[in-house]
Structure formats: structure tokens, C-alpha cells
Amino acid sequence: MDILSLFVVVPILTIVGILFTKGLKGTRVVAAVGMGVQLLMAFNLLFRYFAERRAGNTAEMVFQKAYTWFPSFNIQYAIGVDGIAVAMILLTSIVVFAGIFSSWKTEDLPREFFISLILLASGVFGFFISIDLFTMFLFYELAVIPMYLLIGLWGSGNKEYSAMKLTLMLMGGSALLILGLLGLYFNSAPNGGELTFNILEIAKVSIPHNVQMFFFPFLFVGFGVLGALFPFHTWSPDGHASAPTAVSMLHAGVLMKLGGYGCFRVAMYLLPDAAQQMGWIFLILTTISIVYGAFGAIAQKDLKYINAYSSVSHCGMVIFALLMMNKTAMDGAILQMISHGLMTALFFALIGMIYGRTHTRNIYEMGGLMRIMPFIAVAYVIAGLASLGLPGLSGFVAEMTIFVGSFQHQDVFHRVCTILACSAIVVTAVYILRVVGILLFGPVRNKEFETLPDARWYEKISMVTLILAIVAIGVAPLWLSDMIRESLTPIVTKLTAAAIN
Amino acid sequence: MNVIMFYILAAVILVCSVLTVTSRKILRAATYLMFVLIATAGLYFLLQVNFLAAVQLMVYAGGIVVLIIFSVLLTSHIEHQFELAAPSKSIPAALAAIAGAAICIASILQFDFTSRLAEQTTSPDIRQFGHAFLNYGDGGYVLPFEVISILLLAAMVAAIMIAKKNKQ
Amino acid sequence: MDWTYTLAIILLPLATFLTIGLLDKSMPNKLAGVLGTASIGTAFLLSCYTAYQYFFVHGMVDGAYQKIVAFNMEWLRFTDTLHIDLGVILDPISVMMLMVVTTVSLMVHIYSNGYMHGERGFNKFFSFLSLFSFSMLGLVVATNLFQMYIFWELVGVSSFLLIGYYYEKPSAVAASKKAFITTRFADLGFLIGILLLSWYTGTFDFTELTQTTAIGGLAMAMPMGTSFLGLSIVSWALILIFMGGAGKSAMFPLHIWLPDAMEGPTPVSALIHAATMVVAGVYLVARLFPIYAIAAPDALTVVMWVGAISSLFAAIIACTQYDIKRVLAFSTMSQIGYMMLALGVSQYSEGSNLGFTASMFHLTTHAMFKALLFLGAGSIIHAVHSNSMLDMGGLRKYMPITFVTFGIAWLAICGFPGLSGFFSKDEILVAAMQHNTPVFIIAVIVAGLTAFYMSRLFFSVFFGKNTHYHHTPHESPKTMTIPLMILAFFAVFAGYIPFNEFVTSTGEPFHSHFHWNVAIPVTLIAFIGMGIAFVLYYKESEIPTKVTKALSWVYTTIFHKFYIDEIYLFVTKKILFGIVARFIAWFDRHVIDATMNGFAIVTNYVSVSIKGLQSGQIQKYGLIFLSGAIFFALVFIYLFV
Amino acid sequence: MIQGIELQHILIITTLMFFVGVYGFLVRRNLITILMASELILNSVGINFVVFNKYLYPTAMQGYMFTIFIIAIAAAEAAVAIAIIINVYRRYKTINVENVSEMKY
Amino acid sequence: MNLQSFLLMRHELVLIAITLIVLIAELATSDSRKSIIAPLALCLFAVHTIIGFLPMEYGSLFGGMFNSTPINGMVKNILNIGVLIVLLQAQKMFDSEINRGKVSEYFIVLFSTLIGMFYMVSAGDFLMFYIGLEIATIPLAALAAFNRGENKSAEAGIKLLLSSALSSGVLLYGLSMLYAANGSLFFDALIHGNYEITHLHTLALIFFFAGMAFKLSLVPFHLWAADVYEGAPVNVTSYLSVISKGAAAFIFTVVLYTVFHNYADKWQPMMYIIAILTMIVGNLFALRQNNLKRFLAFSSIAQAGFLLLGIISGTAMGMATVVYYILVYVFSNLAAFGVISIIEMHTGKTTISDLNGMYRTNPKLSLALMLALFSLAGIPPVAGFFGKFFLFTAAASVGTTANYILVLIALLNTIISLYYYLMPVKAMFINKNDSPIAYFKSDVYAKIGLAISLTGMVVVGFASPIFENILAACFGIVGL
């Protein structure tokens, strides 16, 4: 078994293992062990990747394997990773691991919960290791669909509505996506030869310009829906608000990244001319996303809504940076994906913990939590600081890379967009501090909350894992940034060549 | 002579067809239907396809119409006069039928049949039919002949199945 | 010479922060206090050693103090040329700042051991103090703009944490929020400035940025030509960078957070909001001074005017405030305005760079006497349990040490001859006079006002009416008074350091002499200010009330700080967060989301409205069947050939 | 071939018969009369096949044969139809087609 | 022609033999021993299914009336598997007092219709095609009216029979015109006929199309379907919606690709319109349904619309995707019907709201239904995803913008369909219910049936040789 396929196999084995357990206790242990192994494997992959690169392997993707699956369509099970995928896999395994511990006390149908959760995770892993568009899409859908049950069954509030809305909108996105994929497939051999779904193969040919222009919007918007691109983001607030903790973590932390990842790996990489020509439209949309999401967050009272809008803003930043189409900005975009993944997961984990104790998410009903549950509160402050881009935490690294990269464009349009996007960091500070001020500081508003307990050990594992990752990236970003940058070379080269044309 | 005969038959077919679908008494409708079918058989005779004409008479006029009359007796009051169809129903139906007929006739008239007319015609006799039915090579119809028996069996069993009362 | 040990100055506080922060409650308070103090003490000693090494052992090369990069490592790479490094740079101003920061910080640490005694978050307080020291030192030794920005943000957040130290007090929370957001807004300008500047220069590195030849090249290059609203792009970049500095240094109009920041514990006010963090803006401009002076004189003019206006503005307001810490806060703002003004009137050439040196000089002396003032005020508050001057009076009897040390600081800030403030102020005024008369006049007025409001404060606290106290105020413990005394020493003698020998814009020392023609009139003006205050406040009198009544409209406006806060509140709370944010939230739910839901609703509606098709009537089915066939026949026979 | 009669004439008649049947199918209320109408339809098609075979392609017997099978199938269909109609009558006590519409929408 | 030639008709002949054995068994057994008939028929049919997979030769019989080709054989095998599952699910039905007396009739009629379909699938001329079609329809009407005790069943029977009479009338009229225009009813002759396309040709095509569209329940020729599906006994409904439709879809494709391949300019646009209409109307009606059978009826109408996407391409790949989708659809829809029939037979519940909270009492059934619905909706990892994806691929392979738009419309329709497919899932998993369907043990046969369908649903997707074999078999159809 090759090192990459294991990332899909281990979750499936974990699911099988869970099938043999009874009750919450066994289930969660199996899930935690499985995902712990996954986490270790991710680190192993990271080191193996570095070793491979150091050994002078300059292939675009390493650990490549390809098995023909449907020969007549030339569909392959083709896998391989570059630095970006490795980073995303690492992110995913961290978030999933933390997610398992956040759902330590899932009393209702625990087996089903963990199975769905891990199924979702395996979809995500599969997505990141795939270089064949078909399998990639298969895993993509696999990751999206368990969301319905996860939200509908274990969620809270108006969960049925939210779950349905989320599922339908995301599936709407994937509907556009299929069209785009088919377009790519049928134009993958313009000069004759075998059609292919393999990203690396398609990247070698130059697809006719009019074809690019036709399919780019489908692919980009298709992925953009999952990446919460304005105005297709409205599933996000409701969905996140209703989802159970671990699901919000995974969804905002990892699943939304699939959107951004697809945007550049598929839409922009394979259709560079169209990306260059139509980028401005989406750039406007993402600029709106960034500012709009941040302002949207200010007016909310519900913790999860605040974070959901904040995600809209941050994920907007991801796509914004991608559309700047230079190495630095795209590097920043991917750093931002990872950073946002970690901190939003932390946020949702914390919100889950707070909600689990107070049974409210309305910030005005709480207050002074710093005194009642200092551990959670401090973690919340850290997450908040990461979110508003404090140096030393991951958010800063990502945002600065994005801004510096975006500023490499010297025309007025890009500059204005960049400056508008920069201004969001102020608004971010406003809503983060607003929450911190109301929720954590100030007097305790509800006397009943005085006796609530602080974090339990499993919650601490969840929080500490994420915080460690946030700090690790924030303090020592160079290894990650370089790994991503070097992997961006082929993509940026294509985009640059397209710009010259 | 044939021409006159044809037009008489044609008139009977058309008029009785119309009467079949407009008559307000059900038995009369059945009778008109029988006339249509018999006239059709007449047409077959006129075309010198005698075997077919005989089949038409026996199966259609003799079998089906009797069956229908039976069921009429079982299910309806003979004296019962139907109400006329509501205009909201009959007008769209009539329009659709007329439109359909118009399109079909237009297409038929535009088609160049004359160049395809056979130079000489044959009138298959019963022997030829017999050969065709039992021939399994080119131009043979033994397969459909056998297969239709399955249909008949199935229809029979099906009719029994529906009509069968539980033994209790 | 190996300078790597300077890294320890920065890392020691960081280690302390992590140790105390992570162990938190499992560490005894005493130990935390001692550990924090010891670590900053070590840093202080190392700084002294560094200063000694830098100025006296290493000394000048080619007649100037050089920039020495003691340590540098790549931290994050953006492009081939643009990368963030973390490192330690040593040059006159950074060494000077190291000294200032570690000194004040050490004093505050010692002082806090007493002041914060028994507070619940004692350990947290010390860990935050260490965090701040770390950030501030990191800022000071930054080798490049982005490192500066990084630590800039970190000091911002430490300031936020420390202002909000009493987090259960809503006003403290609000103040911390306000401080952070205001400076954050300013930092936005800083960031964009960095982006602009770095895009044109291709580097963040101070050494490269401030090389005069490079600047010359920059001046020749394209950006000088490209102008926006009449100013060159470099000017804009530098103005934006200055905006960051103005935010941190509470310059008009970004000063609104500083008075509120006094909600923090008093040692914090002394350390962060008087002596160190708030002068970061001045330091920033000083750091980039060559570019300002050579490539963007326009920007420097802006610096000058902002400084001048701020100092006047703050001085006027300070005259009317009753909260002892707020008076000091406005005074801080005013003095920093002075420093900015001094930078603004300076130039990057020999002979006319007096302002630069004066500014740095004033920065140092101000740090000493202002920290002393704040710590003294803290001592008073500690005793009286109130911030309001109205609750105080005649305290000299109860708190002799505080009285004496506070008095020294008071004289120093008023520019009493012989004390530190006198010398540094004098240099600033001279520089201003040489350069720009209106600014000079403002500076003189401010000097008078400063003397007035400081005396007002001093007299009404230590003299004035004999207030009745609930429990008799008493002198503070040793841990608090010792730092007061040490600082008093500095407040007196810091003025005798020959700054022109060490800290100059070019690194080359210049000769300077004392300008009696400026010093004497200004000192007189200061005395007049003190005199008026003496008359009004030495004894309880009716005159102040009468004056205020006579000038009621003006007085109210000034008392309310010219309503700047209210304007900000209106723009931010009401318009941005109230109207815009709410509108967006509404828009999102009721327009965009509704559109998405609309698809579902329309689908459903259509679904219901066509259900009649499935009527259950087989003949209607037949009719539709037939119509369908006929429709297709029509279309494909006649229309679609 | 009927001497003197053109193919088109016969076709017009059968087409008319076909659509009369269709009309009957669409408007008659009694299930049995609907069945009768459908017999008209089949009958008209039968004539078509015979006529085509006779007039156009006399060499093979495809048309005749088709008609024979149509007749057979019509018989089977009628048998099953009547069985079901009687069943309907037993359940609904009427064979008015408009009443046999429990299932809709 | 020799005796070995009969081996080409192996599927049909074995099935006829089985039918006769059942008939004889009915006559030969006493009343008390009638209960062995159902298992007997089932076993025999299972054997028949297996025999179907034996390697066979291919060729043409009876002057070209009967063709045996690889793809025909495959389709027959697919139908066999489907029928086997239907029979497994039907076993429970014969336990009831009312139905006990008509077991053998049920099998005879059902097998006869299957024979009809086989002949239709193998037809080499329109006569055999028509006879097969009618054999596959007329007795089915009787089956729909199988439940004597129910109004709805009788209504379903008469509706099916009468509407099919009209549609076959139209179809026949079209065939007669085709005969007039081309002079033959044999597919081979029609393919090679060289002629310009006149109005009469077009008319023939359209009437033929309408008749087949009726069988496939394509909008606007679909209206009978929902009522009949709802009224018929659940096993008959599954048979109608899966087996009958699958066979019709296949032969429809074959005829379009061979006989009418010259008319592609006509039928492709027509199919374009009908595909869009079918998907939209089917989905819109399915949205509102609460009765499970009616719900699946409309869903299967929409599914037929998707199927057209494969046909429209006019290539071997298109045909392969159609056959593959039929296979997928057999498993998916029969799994769904299987669960529904189990529920209906054990508890008498037939609506979606009855499913509320069922997961907590009957988790396995719920999971099975969920997987089946996911497969129908085209969600991985079950086969429906592959089936739909390939259909879209086939439609897009034409490469015109119009076809991409068609695919887009289809994709948007999958979203609507996802909504209603999730409704039962929501009912079972999410909705709370104080008195959900109590736990019950399903009978062994039904379990086997479900197991086969579920296995099929998973295996068919992932095991690529299945698709590859189908595709290989599709090459060589004349006209491609």
C-alpha cells in the first residue's frame, strides 16, 4: 500500500473498527486512535516529502501512483502530492484529530456520528491526494454529503433547514463543477490523442481560448460556492450555526478549503487564460466578500454567526489572493487556508464548549467567562488574536504574505482591491474585540453561570492541538511557506505565461 | 363497379365510425362498431386479401364485438342514454383530432406514392399465408406466430387471475 | 566583535512571559514577581553593557556611529528580494531606546511588586509586563520595517491586555478595545505604507532603506514622478507609515485612545502609555528619518504639523481635566507632539539636524520624568483610592517621599532650569526657532501651558484644600518608593547626558551649545504658567470656578476634548457599525439569502401550480399525449426543417 | 389494388377513421366505449398496412402479416381490458371513466 | 437453421419452459400444497438467471426477426437480475390470504411479460418488436390490477391498459407510415435504405417516438405512470418502473441508433426538448409527494429524463452509458422499492411521514433506503454517481454548447432531485416521532433481495470491468 492511499484506507478501517464497537466509550476511543494514527501519518508524510525534495526529486507531484480505473474514459485512480497537498493533509489531520476530542461527549447515536465524521474526513483526504479530476470529484462529493446527516441529526436550532440549504447549495456548486470537469475532459486533447482527467496531463496542453472562457466560470464558481464566495456564501452562516461542534470545525476548517484548493488547482491551473481574463470579476466579488463578511460579523449576536461571517471574510481573502495570480499572493492564500482552518476550528471548538455549558450562543446573555472558565477564555482570546492577525500566530503570516503579494500588482484596480482588503483587518479587530469584550470580559451577567466548570481534559487536548499548530506556523512559517512556494511554481508559471498572451 | 363498391364501403366505415363515438346508447355504439369492422372486411375482400378478410370477420366482428357486447350487458343498463360530452372536453379533443388528421393527411398527400406504386399486384391466397406462417427462413413468420401464442396464454391467464374469486 | 548576546535582552522577557504565563496559577505570586523583575533586571544590565560596548568600546567608525546588525535571520520570504527578517540592529537610537525601555521597565517591575500586591491576577500581570517588554525591545532592535510592524502589533496587543487588565470593569474593557482598534486603524496606514515603500524600494531592510545613496536613487526613480493628489508616492508611503506612528503615539487625530487607556493599572500607564510604547511613533520616524528628510520633505512637514497641533491641543485639554491620570495622559500626548515637532523641523544634513537629536533627547528625559509622574500618581491613587483631583488635597503631609519625587518630576517637565526637561526642551525650541516660526510660537505656548497644568495638578494634589479622607492616606511601601527615587535621580540628571555626542541623525556627532536667547524667555513663560497655577490652586480659591463660568462655552468644549471622541463614536458606532454593519447583516439575510431561498420557493410554487396536469383523468392524459405528439409533429415537420 | 382508386383516398379514409377513434377515446365516458374507440384506431392502422402491402410492396407479405398480428393482439387486449373493466365495475359500481380517478396530483 | 440455432434463443426458451412448468405445477398440485409454487418459481428463475450468464454465441434467426448480440444478452441478464430481485421481494405477498389463490397466475403473467421484453429486445423487425412490446404491456395491466381488494389497483390496471392502447395505436400508425415510406419493416433493410427524409418519414418518427416515450414515461407522454405506479401492488410497480422501462429504453436506443440513425437531426433536438421537460416536470411533481410509491414514480420519470442524456449522444459510448445506467438503476430503484415493499407488507405504511424516526427502530432498513436514494440521486460512493456521471459525459461528448447547456440543466435538476431524495432520509434519521414504525423482522427472501441490490449498487460503481464490457458490446450496433 502506498503512503498516500493509506490516508483513505485508514479512515475506512477506522470506520470498520467503529462498526465493531458498542456505545460511546469504545467508539470514541477507536475514532481517536484511528485519527491519531492519521495525524502521525501526516507528519510522516511531511518528513518523507521533505526527504524526497532534499534528495533532488523535482517532479511536480511526488509519491505519484496511477492505476487505470475506467480505461474507456481514461479515468484513473491517480494520486500524488505536492507541498500544498501535504500542507492541506496535515491541516486536515490536525483538525480531524481535534474534532474527535471535541465530540467526546456525543451521547446521541455516537457510532453513527463518528462514522459520518470520519467518512467526511476520508473524502477530504482523498480529495487532496487525487490528481485525477474524476476521483477528485468523487471524494469531493463524498466529503460534502455526510454533512447533511451530521447537521440534521446532531445539530441544533433550525437544523433541518440549514442542513438542507447547505447540502443543496453545495451540491449546486458541484453541479457547476461537473460541467466544468466535463469541459476540461473533452478539451484535454485538442490536438488529438487520448482524453484524460489527469490534472498533470491536462496542464500540459493548452486548451483553446474560447473553451477556457466558457468553462472557467463554472469551475471557479463551482469551487467558489464551497469556498464561500460572495454571493454564494449564504449556506455558511446557517450551516455553521446549526452544525454540531466537530462538524463546524471540520467544515469551516477543512471542507471550505476544498473550494479554494480546487479554485487554483483545477480552475486556474488548467484554464489560465480565462483566469487572467475573467479574474477581475471574481476579484471584485472576493473583495466584497472580505469587507462584507467582516461587517456582517459586527452586527451578529450569535457566536457561531459571528464566526461564520468571519469565515466568509477570511475565505474571501483566500480566493482574493489566489486571483492575484503571483507566487507570493498565492502562497499567502494557501497559508491563509491553513491558518483559517486551524483558527476557525479552534473557534468552533470553543464555541461548542461554551454552548455545551451555557446552552446559549447569544453573546449578550453571557459575560465574564474569563473568570469562570479561564482556560477556554484564554484559548478564545488566542483564537481571536490569530484571527485578527497578531504576529506570532498563523493569521499574521498568511495575511501579510497575501498583502505583500497582492501589492506586487501596480495597476490601480488591484491596488484599490488590496487596500480595501487590508482595511478588513481593522474591521476584523472590531468584531473580534467586541466578542471578547462582551463574552469573556466584563461582569458575569448570568449568575447561574458562576459555577460552570472549565475545560475537561479531552477538550484541552482539542484546544492545545490546535493552538500548538497555530503558534507553530505563526512563529516559524518559513518551512511551510517555502514548501508551498516551491510547489506553486508550475501553476504560477502557467498563469504568468497566460498573462503575457 | 369496384369503385362504387369502394365508396360505399368507405362511406359506411366513416359514418359508422363517427356514430360509434357519438352514439348515446351503448349497444348501438357496439353495433356501429360491428358495421365498421364488417365494412373493413369488405374492403379486404375488395383488395383481394381474402384470408385477411376472413380473419377480420371472425376475430374482430365475431369475437371482439361479441365480447364487448357481453361486457356491456354485464356492466350497463341498455336503456341508459349517455349525456353528451361536456364542451370543455369535446372541443379540445375535437381540435386535437382535427389537427392530427390535418397533419397526417398533409404529410400523406405530399408524399410521392405514385413513383412507388408496384407495377403489378399479387393477391396472396391462403396457401401463401400458410407457407409464410410456418416458414422459418426469410419471409417466414413462424416466430411471431409462436410468440403471439404466449400473449394469448398470458392474456387468458391474466383475465382469469383478475376475475378469479378467492376460495374461502 | 560578537554582538549576539544582545539577543538575550529580547529573549529573556519572552522566556519569562512564557514561564509565568504557562505556569500561571501554579506559580507563587512572589516568585513570579521576583522572576519577572530579575529577568528585566538582567536585560537592563545587558543593555547597559551593550551601550557601553557600543559607544565606548566599539565607538565610531569613519567619524560616525555605524549601524551594526548583531543578529539576523530570515523568518518569512515573500519574494526573492522581499523577506521578513528577525534580527537585532544596534545604532545610536536603538541602543538609547534599549536603555530607556529597560530602565523604565525595570522600575515599573519593581514598583509593581508593591502596587499590585494581592491582586488576583498578579502572575498574569507580570507575564503581560514581560510580554510587553519583549515586544517593545523587539521593536526597538528591529532590523527591518516588517519586523518593526510585527513587534508594533505585539506591543499593541500587550497594551490591549494590560489596559483591559481589570477585565470585569466595563470601562476598562471599553478602553482596551478602543486603544486596540484605534491603533489598529493607524496600523492599517502603516501597513499600506510599508507595502508601498517596499514595492518601490524592493526591500524592508533599514540598513538598505536608509542608505543615503539608495535614497538618492529612489528620489531619481519613477515614484517621485508618479504623484497622487499632488504628493509623490514616496511621500504618501511615508505619510501612511507616519499614520501608524501617529496612532501609537496618540497624535491628533488618532489620540482618542490614550486618555481612556488610563483605565489600566498605573504602572502600566507609566511603562506603556508614558515612557515607551507611545514614543514608538517617534522612534519610527527617527528610524526612517533619512528617507523622510531626503526623499519626502512633504511627509516630514506633515509630521511637524501633526506634532505641533497635537502638543497644543493636548496641552489645552490638560488644563481642564480633573482625573489625575488623564491630565498626565494629555501631558504625554503634548510632549510626544513636541518630539514629533522636533523631528519635523530637522533635516538630514549637518548643522540642521539639531531637531533629531533634541527629539531623542526629549524622548529620554520625558521617559524618566513622565514615568516618575505616573508612578507617583499611582502611589497617590494607591493611597487615596481615587483618580479624581477633587478627592485629593494636602497630601504632602501624608506622603513625603511621593511628594518630593513627584515635585522633582513636576519641575523637570515644567522646564525648571537645571533639571532634565529644561535641557531637552530647550534644544527642541531652538531647533524649531531655526526652522519654522509659527511652530516655534506654538511650542513656546505649549511650554507655558505645560507649566500651568502641571502646576495645577501638583498644587491641587499636594496643597490646596484639606480633604477629608475615609482612612488616612499613608506613604507607599518600599518597593514603590525606591523606584520613585531612582527615577527622580534620572529626572534630575538625565539632562546632562551629551546627546549631541551620541545620538544624531547621521551618526556623526556635532557640536551644540546652549541657547540662552531661547532658554531665558521660555523659562520665564514657564514660570508665569506656574505662577498662575500657584495663585489659583495653592490655596482653595473661588477663582477657577469663576473663570470656568466666565468661559463656560469654551471651557465645556475643552473639557469634552473638543468633542473628538463623540465625533469618532458617531462615525464608527452609529454609522459604520450601526448603519453599515446592520445594513449588511440585513442585506445578507433578506436579499442574498432570500434570493437563494427564493429559488426554492419559486420551484415549490411552480410545482404546486402545475399539479393540475396530473388530473387523474385518463382522457386528459390522452389529450396531452396527443397534443404532445401533434406539437412535435408541427415543430419538426414545418418549423424545424 | 382496387382499380381506379388511388392510394391516397384510402389513406385519407383510414386517417380520418384513426382520428375519429382518437376523438372517441378522448371524449367518451364509458370505459367500454373507450375500448371501442381504441378498436377503431387499431382497425384503421390495419387497413393501412394491408393497403401499403397491396399497392406498394406486393412482393413480400409484411403488411398483411402485420395486420393479422394486430388483430390477434387487439383480441387479447380486449379480453384483458374487459376483465379489468368488470373488475373496476365491481369496485366502483360504475364504469364512468371520470369517476375512476382516485389517484391524482 | 439447425437445432443449435435455438441456443441463440436460450434466454427466451428457458423462460418459456419455466412458465410452462409453473403452469403444470399449478394444475398438478393440490390446494394444500400450492405454497411450494412461489419458491419453486423463484428457484427456477434463479437457475434461469445463472444460465443467462453462460457464454453464448451470437447470430440472427428467422430471417432476421430475431437477433442475438452481445449487448442483447447483457440487457437480458440485467433484466433477469432485476426480475430475480423483484421476485424475492414479492414472496411475502403470497402469504396473504387474498393472494394465495393466484400465485401461479402471477408468475405466469410476469414471466410472459418478461418473455415479451426479451423478444422486444432481440427484435430484428418491427413486427417482433411490436409483439414483444404488447406482450410486455397487456398482461402487465392485469398485474397492476392484481390486488382485487383495492380500488386503486383496478384503476391502475385500466389506466395502464387504455393509455397503452392509445399509445400503441399512435405507434402503429407511425410504423405503417414507415412501412409505406421505406417498404420494409426489417431493421436491416431500413438501415441500408437510401432515401431523403420526407414529411412522412418525420411523421413516422414522431409517432414512433411518442409511442416509445409513453413506455419510457417521458413528458408529456408520462401522465399514466404516476397513477399506475401508485395503484399497482408494490412489486408490480417496481417491475414496471425498472424492468419494463429498462427494456423499453434499450430497444428505443437501438431503434433510434439503427433504423433512425439518418434522422438524428430530427430526433436529437426532439429528445433535447423532451429530456429537459421530463427532468423538470418529473422533479417538480416528485417534490410534493408523500406517498412513497408515487414519489418514486415521479422520481423514475425524472430518471428517464436523465437516461435520454445518454441516448442523445448517438454514439456507442452513449448507448453503453444508457445500458450501464439501466443496470445501476435496476439495483438502486429495486433497493428502494424493496425497502418500501417490506415496510408496506409488514406494517401497511405507505407514506414518507410514516417513516419518521424509523432509523431508531429499524436502522438497517433505513440505511438501505438511504443508500438507495443516494444512488438514485447520484451521490458517491454508490453506483448512481458513476451512472449519472457517465450519462453526462456521454451527453457532453457531442461537444456543442447546446449539449453542455443540456448537461447543466440536468445538473441543476439533480439538485432538485437531491432535495426530495433527502426527504425520506430526513424523515428516517432526523424527524422525531413518538410512535415510529416498530421494530420488525423482515422475511428472508426480501433480505436476500435487498442484499443483492445493495451489493450491486456498490459493486457496479467501483468495478470498472462491468462498464468496459458493456461498452465493448455496444460497438458494432449498426449505424453507430
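Order of writing sets the labels: A, B, C, D and E. Residues in every chain begin at 1.
In this text, a contact is a pair of C-beta atoms (placed from the backbone, for glycine too) under 8 Å apart; a residue touches a chain by one contact, two chains touch by 3 or more.
As the structure is a prediction and not an experimental result, all values here were calculated from the model.
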{"item": "Number of steps on the shortest touching-chain route linking subunit A and subunit D", "value": "2"}
{"item": "Third chains touching both subunit B and subunit A", "value": "C, E"}
{"item": "Between the pairs A-E and B-C, the one where more C-beta pairs touch", "value": "A-E"}
{"item": "Greatest separation from subunit C - chain, by CA centre", "value": "B"}
{"item": "Chain closest to the assembly centre - both centres taken as Cα means", "value": "A"}
{"item": "Centroid spacing, where centroids are CA-atom means, of subunit C and subunit D in whole angstrom", "value": "97"}
{"item": "Rounded Å distance between subunit C and subunit E, as computed from the means of their C-alpha atoms", "value": "77"}
{"item": "Intercentroid distance (Cα basis), subunit D paired with subunit B, Å", "value": "5"}
{"item": "Where subunit D and subunit E are represented by their mean Cα positions, the distance between them in whole Å", "value": "27"}
{"item": "Junction residues of subunit D, two or more chains touched", "value": "18, 21-22, 25-27, 34-35, 56-57, 60, 65, 69, 73, 76-77, 80, 83-85, 87, 100-105"}
{"item": "Numbers and ranges of subunit E residues touching at least 2 other chains", "value": "127, 131, 134, 138-139, 141-142, 145, 148, 157-159, 162, 166, 173, 177, 180, 183, 199, 202-203, 226-227, 288, 419"}
{"item": "Subunit B, residues touching no fewer than two other chains", "value": "89, 92-93, 96-97, 100, 103-104, 107-108, 113, 116, 139, 141, 144, 148, 151, 154-155, 158-159, 162"}
{"item": "Every chain pair in contact, whichever chains are involved", "value": "A-C, A-E, B-C, B-D, B-E, C-D, C-E, D-E"}
{"item": "Touching residues (chain side subunit E, partner subunit B) in the complex", "value": "1, 16, 19, 23, 31, 61-66, 97-98, 100-102, 105-106, 108-109, 112-113, 115-116, 119, 127-128, 131-132, 134-135, 138-139, 141-143, 145-146, 148, 157, 173, 177, 180-181, 183, 198-200, 202-203"}
{"item": "Residues on subunit C engaged by subunit B in the complex (per definition of touch)", "value": "619, 623, 626-627, 629-630, 633-634, 637"}
{"item": "Sites on subunit D touched by subunit C in the complex", "value": "22, 25-27, 34, 97-98, 100-105"}
{"item": "Residue numbers on subunit C that touch subunit E, as the complex places them", "value": "600, 603-604, 606-608, 610-611, 613-614, 616, 618, 620-622, 624-629, 632-633, 636-637, 640"}
{"item": "Subunit B - residues contacting subunit E, complex", "value": "103-104, 106-108, 110-113, 116, 136-144, 147-148, 150-151, 153-155, 157-162, 164, 166-167"}
